[in-house]
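Down below are the structures I want you to see.
Okay, so chain A shows up in both of these, paired with chain B first and chain C after.
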Partner chain A sequence: MADTVWRTHGRTRRSTRTLRVRASAVILVAAVLAVLLVPPLVHLDQQAVDLSQKLLPPSWEHPFGTDDVGRDLLLRCVYGLRISLLVGVVAALVATVVGTLVGAAAAALGGWTDRLVMRLVDVFSSVPHLLLGIFVVAMFRPGVWPVIASVAVTHWLSTARIVRAEVLSLRSRPYIDAAISGGASRLRVTTRHLLPGVLPQAGLAAVLMVPHAMWHESALSFLGLGLPSHQASLGNLVQSARGSLLAGDWWPTLFPGLLLIVPTLAVAGLAGAWRERLDPRRRSELML
Partner chain B sequence: MLDLKNITAGYERGRPVVREVSLAVAPGEAVGLLGPSGCGKSTLARVAALLHRPDNGTVTLDGALVTEWRHRAPRAQRTTVGVVFQSPRLAADPRLRLREIVAEPLRATGRQIEVRERVDELADLVGLGGDLLNRRPHEVSDGQLQRACLARALVLRPRLLVCDEMTAMLDASTTAALVAAVERYRRETTASLLAVGHDRTLLERWCDRAAEWTELSG
Partner chain C sequence: MARMAGRRTLFAAPVLLVVTFGVFAVAAASPFDPVKAYAGTAGLTASQDNLDQLRANLGVDQPLVTRWWDWLTAALTGDLGDSSVLRQPVADVIGERLGWSVLLAATAFLVAIVLGTGLGVLAGRRPGGWLDRCVSSAAYTLEAAPAFWLGLLAIWFFALKLDVLPAGGLTDTASDTVTFGQVASHLVLPAAVLGVSQLPWFFLYVRQGVADALEEDPVRGARARGLSERTVLLGHALRSGMLPMLTLVGSRVPELITGALLVETVFSWPGIAAATVQAATSVDFPLLAALTVLATAAVLLGNLLSDLLYGIADPRVGFDG
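Take a look at the complex of A and B:
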């Protein structure tokens, strides 16, 4: 069905699109499998220090090289990606669920509830969200959960706005009038007609938020406010590699950086394809 | 059955679409409401179906004064009136199958047990045969979808049916079939009808009396 509709760009464009979607899927599956399977299957200590092996460039023995205390960077990167992905996925999920509930409730209830909630969202949005995130992590001891909380607290706002707008546009449709006339309660209208209508949008927002949340984790860790510095996360790896970068050792910065950028592009590629399926008419604006 | 007195209604403050309109529908009576497009007759239909709060005037339904609209109206009062809209495309949730669309009011009012029997009964009444009930709105024609919308409006056995330009988008044979279905329902239940439209020939033949929009304003 999906490939029979809309063919604006001819065959060549389509085939690169398919290629991009497939490449994105392969990269993401590989990344997820790596972070799920490597820690239980490979019994190497990611924290094992070997000063005789410090700052070795990439080789067969250490494909990503070693860091300034001789730890294998490939292993550190896999563990780092694991933590970053965990933070990204959990924070995006929490933010999306909270945002969807708040947005749907505001739109469904309307009136002063809607005004109050949306002014609150405006107040939160008026603070730069990295600053708000720093404020949240600063209240707790460094760890995974404060970082997740800080990212989630600052990211439900945009989802709430999207969902509210979508629900408002659905709410004025005659089928909602028909449901009210058929005796449906507010709750019934919301769960039966409004939420199913916005779920694809909310799901898309959630997927796009995963890389965004990973970048936030990295930013917080890079500033030294996120995860404790011994814990491998992509942000921490880039942060600790800063010194050696100035000395001309490029690998401790490059590989964690790539692991942040490549999955981000892969998620964007898949989400772009998903968005095209949701609304094929807007395809041209969404090419990434 | 339904008594609309001096209704003033609109969507923006100070700019009423309907001004001081009065209209009464007696029990069992079929009233046609004729008017050009854009004159506010759909708004009046929404007021009659308790879907739009008028700025002024009184609505009496079954002898009881209506004080609340939409969700705030008591469920029993809301479901006294069945409503069919002009565009079946906009009036049907695109995610639900036709069977679920028709059954939705029963489910919403906690009458699941009746679903199977009642949906089959109504599919028969409005002429939805075969596998049509298992399709989604985008897989059926406007006429078939409007049949489902009429079935949904009748599923709770309303004592007043409001048809807002129900047949404006349909061909003559579907129009005839839908009108026949409404009339069969009314014969069985002695329900009243308020049919809004601009097709004089149709409304004059269908209804006991056809009211002219211009003559309703006080």
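Take a look at the complex of A and C:
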């Protein structure tokens, strides 16, 4: 199928693709810079209540409008993205480390350990992820760490599968045989020869996991099972906007959601380009 | 085929066992205290003796494995305990609400399949064409959009701005009987939102399948025989393009449950997923445990369905696996 695309639309497709990659990069850099720089540099209080300014529609002064107690939504959204991104990155890192260790251990040890671990991964995958997350958070009370734990507990599975498959395919390469016949221990072969080989794959999986983890956090927060409601995460912003929405004011709901969608698409755009570069024959997909 | 179904069921049993045990183990490791949850506000003033008595009555002083085994044997006889938040037996909660959830999910699935197939065929005809680009971009955006957000915007637009559809619930608040017309009008928005949130996956799959099939020899042969474009597209390309998708339908159950958790909550739909969220926010362990296990069973059933469809749709696949 890729052939037809290239034959008929070769030039235009290529230029839109470059454009998409560049736009994605710009958006991501802008988002990360805003999240890192706005809180220390802009001395505005995101919690500052001003009832005379409540529920103003988007304008030049308040590009995203104001919420039901007159807080500027652009500022709130930047803080929300900051918290959601932080939770997403930490959860993705934890899940990647756990997944990589488990996957590598399963593949390197083999035998019944491998079978047991992979069966366990199957069992974990049989519970819908959001439901498992809800269960963990409900039992451990909502808060930052339970949310991170509940996202990590559902996300390490795919990384473990990817890393295990990768290690198994690397293990049959000649340089591994050479290392073993050279007298390297199993631990040394795993840490020095196998793990460096799987890190690119695990890294790509981790990057793709961040939007997914942010999505998870938002869903939990929206359901009232995520971060404490005074913390302006994106999900909490949507949740607290429900009252204004039912009164007919759309902007407190619209913008936090957009801030979740746009970075997700940007990450997917970059990751797709990266994957196409690694393996040009395979067409990219969003992999959400 | 019956043999494979039987074998798969045998495989599902240990998975369910491990999940139920995991549920109890997580609860045991958490700060959650069933006695306090059971006693509620009365627990704050009750004497230690009373609390201890309650602890013994509830069997909470037993070790984890004993409690798990008691729950399991009771569950097999249909006794799943009592829900503290809904104040009725868990089995009754499930019986009352399961039907509404199935109605919602089935309608949404139908919406996703019909829309996804239609759009997928149109887009797959000319990959890279303007229609394909528009619909594909929309599909990627929809896939990134959280279902609860879509639901809220749908409420704002259709229930508040246009005022054509009800914003939530199963019936109007004024009416105390459940009539078909009421349910139908209240079903439209949640089913549409849940369907649209599942749509991108179907669409992208059909689109890819049709586009790939159009490149293959059977289609070339059909064209060479002078068959009409319609027959080629629907009779040849779509049929072989749909094949892999049909077999994956059953494996979409987890995503459907995830979507239902959010959509039912947004639209106050009296289904089982909304009850799960209620159970979680008020730490209603018996209800939450039963519903988690039920959802896992649904996922396993979906996987089984998926394997069976695979065997039916593609005779080359045996049922021995």
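Keep in mind that, in the parts below, the second predicted complex is superposed on the first by the 271 of 288 C-alpha atoms of A that agree within 3 Å, B and C clash if a C-alpha of one lies under 4 Å from a C-alpha of the other, contacts with A are read in each partner's own complex, and residues count from 1 in each chain.
Everything below uses one rule, namely that a residue touches a chain if its C-beta (ideal position, glycine included) is under 8 Å from a C-beta of that chain, and two chains touch if they have at least 3 such contacts.
These figures come from a predicted structure and were not determined experimentally.
For the composite obtained by overlaying on chain A, chain B and chain C can both be accommodated side by side without a clash. With both structures placed on the common chain, the touch criterion links A:22 to neither chain B nor chain C.
Using the contact criterion defined above for the overlaid structures, shared-chain residue A:115 touches neither chain B nor chain C, since it reaches no partner.
By the touch criterion defined above, A:197 lies against chain B but remains apart from chain C after alignment on the C-alpha atoms of chain A.
Applying the stated contact rule after C-alpha superposition, one finds that A:188 touches chain B and leaves chain C untouched. When the two complexes are overlaid on their common chain A, residue A:129 makes contact with chain C while staying clear of chain B. In the superposition on chain A, contact of A:277 is made with neither chain B nor chain C. Vectors from the Cα centre of chain A to those of chain B and chain C enclose 100° in the overlay, to the nearest 10. Taking chain B and chain C in turn and counting the residues of chain A each one touches, the greater count comes from C.
The overlay of the two complexes leaves chain B and chain C separated by a minimum Cα distance of 18 Å.
Within chain A, no residue touches chain B in one complex and chain C in the other. Across the complex, chain A meets chain B through its residues 173-175, 177-186, 188-189, 192-193, 196-197. Interface of chain B with chain A (complex): residues 46, 49-51, 70-71, 75, 78-79, 81-83, 85, 87, 90-93, 95, 104-105, 108-109, 149, 152-153, 155-156. If you check the complex, the residues on chain A that touch chain C are 1, 3-5, 8-9, 13, 122-123, 126-132, 134-141, 211, 215, 218-219, 222-225, 238, 241-242, 245-246, 248, 250, 253-254, 256-257, 260-261, 264-265, 268, 285-286, 288. Considering their complex, residues 15, 18-19, 22-23, 26-27, 30-32, 127-128, 140-141, 143-146, 148-149, 152-153, 155-156, 160-161, 167, 204, 208, 211-212, 215, 253-255, 257-258, 261-262, 265, 276-277, 279-281, 283, 285, 288, 291-292, 295-296, 299-300, 303 of chain C touch chain A.
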